[in-house]
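So, here come the structures, one by one.
Common to both upcoming complexes is subunit A, partnered first by subunit B, then by subunit C.
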Partner chain A sequence: MSDGFEIQYPGNALGNAAPAPVTPRDVPNRGGDQNPSGAALRQQFADAIERVDVVWGVTNVYVRPDRVLDIVRWLHDDSSQRYDYLSDVTAVEYRDLEAPIEVVWHLRSLPFRRELRLKAQLPKNKPLEIASVWSIYKCADWLERECFDMFGIRFIGHPDLRRILMWEQYREGFPLRKDFPLRGRFSRAEQLRQALAANPEARYSMEELSIADAFEDLPTDMRKRLKGGERTGE
Partner chain B sequence: MATQKRTVEVALSTTGVDAAGRPQRVPLVTADDGSPVAVEAPPMVEPDLAGEHMLINIGPQHPATHGVLRLVLELDGETVVRCIPHIGYLHCGFEKLGEYRQYNQILPLTDREDYLNAMGNNVGCAMSAERLFGIEITERCKVLRVIACELSRIASHLVWLGTTCIDIGAFTPFLWAFQQREYIYDLIEAWVGARLTPTITRVGGLAADIPDGWMAQLGEFTRKFPHTVDEIDKMLTKNGIWVGRTIGLGVMTPEEATNWGLSGPMLRASGVAFDVRKDFPYYDYETYDFDVPVGTNGDVYDRYLVRMEELRQSVRIVEQAAKRLPDGPINVDDPRVILPNKSKATSEMESMIHHFKLVMEGPRPPLGEAYVAMESPKGEKGYYMVSDGTSKPVRWRIRPPSFVNLAAIPKMVEGHLLSDVIAINASIDIVMGEIDR
Partner chain C sequence: MGLTPRPEHRVVEYNPSSQEGWVATKLDFLVNWGRANSLWPMPFGTACCAIEFMATAASRFDLARFGMERMSFSPRQADVLICAGRVPFKLAPVIRRIWQQMPQPKWAIAMGACASSGNIFDNYAVVQGIDTIIPVDVYVPGCPPRPEGLMYGIMLLQEKVKSERMNDKTIRAEMEPDPKSKLYIPPPVIDELSEPFGNSVHQTRSGL
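Presenting the complex of A and B:
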């Protein structure tokens, strides 16, 4: 057999004396063992940490939205933290329409077997913008795109922030926002009308069409729009 | 990109290597002399002519994309230069629907996202809701849920195995795998009545206890099933075509795999031994004796090997669980979530009011939020629930493992041949219901 990769074991930074992980029992609603990263973050970024609490056994760290990138980079790079795995990026909008939208990151440190939840609150009276962590975790690419698609949060620094689950010409808004009705904004008749009126060319984005040497076969107006820098086919 | 140097001992009907030194792709015939032949990873094809690039569209209606996935490929000759995936054709808005449903009413939605792992999803979602309520389920329920999880892991891996064989050109293992899957669906049907969408859990317990004679049926399955795994193993693992079409494809190094957020067999095939059951255990998985297979090459072949071994390990877990299954109730004794006894509800005023309020208003968890991860056949599946104290969650989020795994496909296919795209895509084990939700 060939020389493969060296196998990496989670918990390898803990040493052999560390107890084996066990199923958590009777997890309290508030309080309990706090992830040591919470205290470390307070020390490192005293001005950027708003609150640290433990909810149902997982440590929540509320951070200032403008410092997210610094904090996540430190968590990823620092040898005492090593959060090398980003489980999830998502957002929460509360039913109280005054409450800020929260962007939530679920981080995992495989070497230390820790999990941490980072939260940043975005007030609704300002544009919903936050730094992208794509430069640190490649998996943030699609997760942030989905978050943008569903909530309209713009991730600054994301290389390709397009809609992902909804199509690019979708005009009804952001489906997971609380002001978006369950049945959609448009009536069924309007949705049908739009579907039937859609341009079949729109199945390809302009970027994709520019790859093909079918470019020359495109209608003149479309070629003109392509050269003008338009991206989608609508 | 460097060609991966790697050989596997393969028994072939001929010498196995052609004049140019490339592996000859001939099917396995049980050699009488039994002399194995070494097959190397196929050499990477260099782009020869700086010609025009071609745009090729695969899907969304294509049998080899395992659902409504659409890949737009830029090709230089037969080599993939760029891959642009499009998803969302099966978007159902489950997360939005969940915000309008009580906790028990959310559970049927989980059947329908990753429909190959329906019972595992039920368990994961119920586990998240129970964390939100602060409920510790009974011992019998725990063991039954472990059996449910592992059975659906086997069923899901069997579908993966069968469809991947079809993609790569083998038909027989598909039939064997689907026949065994049928036995699992018989077991589920005997347990709760449904086959594909069983909704086996309730918050705080299970929909039903297992019927009489079910353990015997399960025992028969776990006794016979490893034989099928061995047969498929014999058909594929040393098969020249199989090895030639899977080895050295879609390689992800451990660092890349972690950074791209891969999980499950995809991550383990890349040499990262992360398994939620071992590292963040739930339902006493730490007390079961099972191994986590880890690959060292991170290619399609290693993903296949990892999943084959997981089939065997899941059978081990099911056998141990069947042995330790304790007697006792399946539901917790917690009036916040569990309906009163039916006969009491029709004869006592208090029980009737209790029943009415639970059904009409639904159970209300305290303020809080819970992210509970479990090891689904595809990888780390997380359910994130946020409660504002009402009977419906403010936010119900599924962390879809195959969504994150699929996000790495542009990286994995670039530089490979068009026909290898199919094999690499198959190795991710995608379920579009889960990706689009």
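Presenting the complex of A and C:
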């Protein structure tokens, strides 16, 4: 990665003889062709793979939460896998109180035209923590922030884990959790009061404004305001 | 609303019993005529209603016929704030500040069900009507309102402008929010305004 970009064409690892991609038809709900990466993962990380199944044509690999980083790194780096594109990081909570929360990574291998879905299950009775894949995919930054904002899952190793959709001092909880009431926890007037107390101009960190280097040259009042990020709001 | 007959000629008239003289009323008439026919809108489009607002401003419906051809994307040169779309809580301080930056005289139109009442988005993220943040003059119902609907709202606003009096000090007074709560409506009123209604009362607190 450090020695510049290498242009990737979709399917360029398959060779010129590879058939052109077709839209799959009559995909079964369960079962069907498994992504070869599933078997490869089983071989490579036998103890860390819990289950592999195929749902609507996409292979789901359930992995042990503590091994996620190794597995994703291997999928990204190994020359037979080359998952170079992370399309999403998200989470699922089921209505069942006992069921664990699932963190989901959608990986795409452009050279091999493969799609893989990794899942890790986090039991609810333990702190919701999992390794961040930011060191491998920089795009995981905002995806993991959103996941943290909505579900309260802490991504260990994330450089700047703050809320992204809700404002920073939002303190009603994590909106996509099943125990979160649809209208929020506070009364409308209280929600409005807290929202109006936020300072819309101090919402960005200095890095986001790209002025971190020039911080010392800023006027004093601006420096004071930016120092705490949005935490100056209330 | 559309069925109500439109009152005709609600312009300022000379009323001998009032203390206003002929000159003042005629001046009112002139000033109001000028203001009503050159309202510069500040479009605050946040969602799908903004698309309909664009259609209203474009050639087929042509908002310019009402003296509104100049969209003012700076609040400091705007007369009327048209909020087209839903406003999430995170945008509440933004629209409040835009409103405070607009110079008097100023008016506000809440376009569409979302801006007027929150619409179906009776959830944790959406402001239940922008009238809880800024004072609103005209509400345009619809999801989205047709361009004709918005124009009807604008014409109602023009009539409101035309019936203003210079010696009425109350209409131009800037509303200052309560410094502690930053709200200008008392909290119980806001809670009552944003009470769930219709279908949404059944979407009660999550069962878990």
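In this text, the second predicted complex is superposed on the first by the 186 of 234 C-alpha atoms of A that agree within 3 Å, B and C clash if a C-alpha of one lies under 4 Å from a C-alpha of the other, contacts with A are read in each partner's own complex, and residues count from 1 in each chain.
Criterion: contacts are C-beta pairs under 8 Å (C-beta built on N, C-alpha and C of every residue); 3 or more make two chains touch, one makes a residue touch a chain.
Please read these numbers as outputs of a predicted model, since none were measured by experiment.
Once the two complexes are laid over each other on the shared chain, residue contacts for A:G4 go to subunit B alone; subunit C is not touched. Judged by the touch definition given at the top, the superposed model places A:R193 against subunit C, while subunit B stays out of reach. Shared-chain residue A:W167: touches subunit B and subunit C both.
When the shared chain is aligned, no partner comes close enough to touch A:A13: not subunit B, not subunit C. Of the two partner chains, neither subunit B nor subunit C is touched by A:L69. For subunit A, the partner with contacts to more residues, out of subunit B and subunit C, is B. Look at A:V55: by the touch rule set out above, it reaches subunit B but stays clear of subunit C. Of the two partner chains placed by the overlay, only subunit C lies in contact with A:D179; subunit B stays clear of it. After overlaying the two complexes on the shared chain, residue contacts for A:R95 are found with subunit B and with subunit C alike.
In the superposition on chain A, the residues of subunit A contacted by subunit B and by subunit C overlap at 95, 165-167, 175, 180, 182. Within the complex formed with subunit C, the residues of subunit A that make contact are 95, 97, 165-167, 172, 175, 178-184, 187-193, 195-200. Only residues 1-2, 4-11, 20-23, 25-30, 55-58, 60, 84-88, 90, 92-96, 104, 106, 110, 113, 115, 117, 137-139, 141-143, 146, 150, 163-167, 175-176, 180, 182, 204-205, 207-209, 211-214 of subunit A touch subunit B when the two sit together in their complex. Subunit B meets subunit A in the complex at residues 4-8, 52-55, 57, 72, 74, 82, 84, 87-88, 91, 93, 95-97, 100, 131-132, 134, 136, 253-254, 256, 258-262, 270-274, 278-286, 294-298, 366, 368-371, 373, 380, 382, 384, 386, 388, 390, 394-395, 397, 399, 403-404, 406-408, 411, 436-437.
Residues 89-90, 92-94, 96-97, 122-125, 127-128, 132-133, 177, 181-183, 187-188, 190-191, 193-194, 196, 203, 205-206, 208 of subunit C are the ones that touch subunit A when the two sit in their complex.
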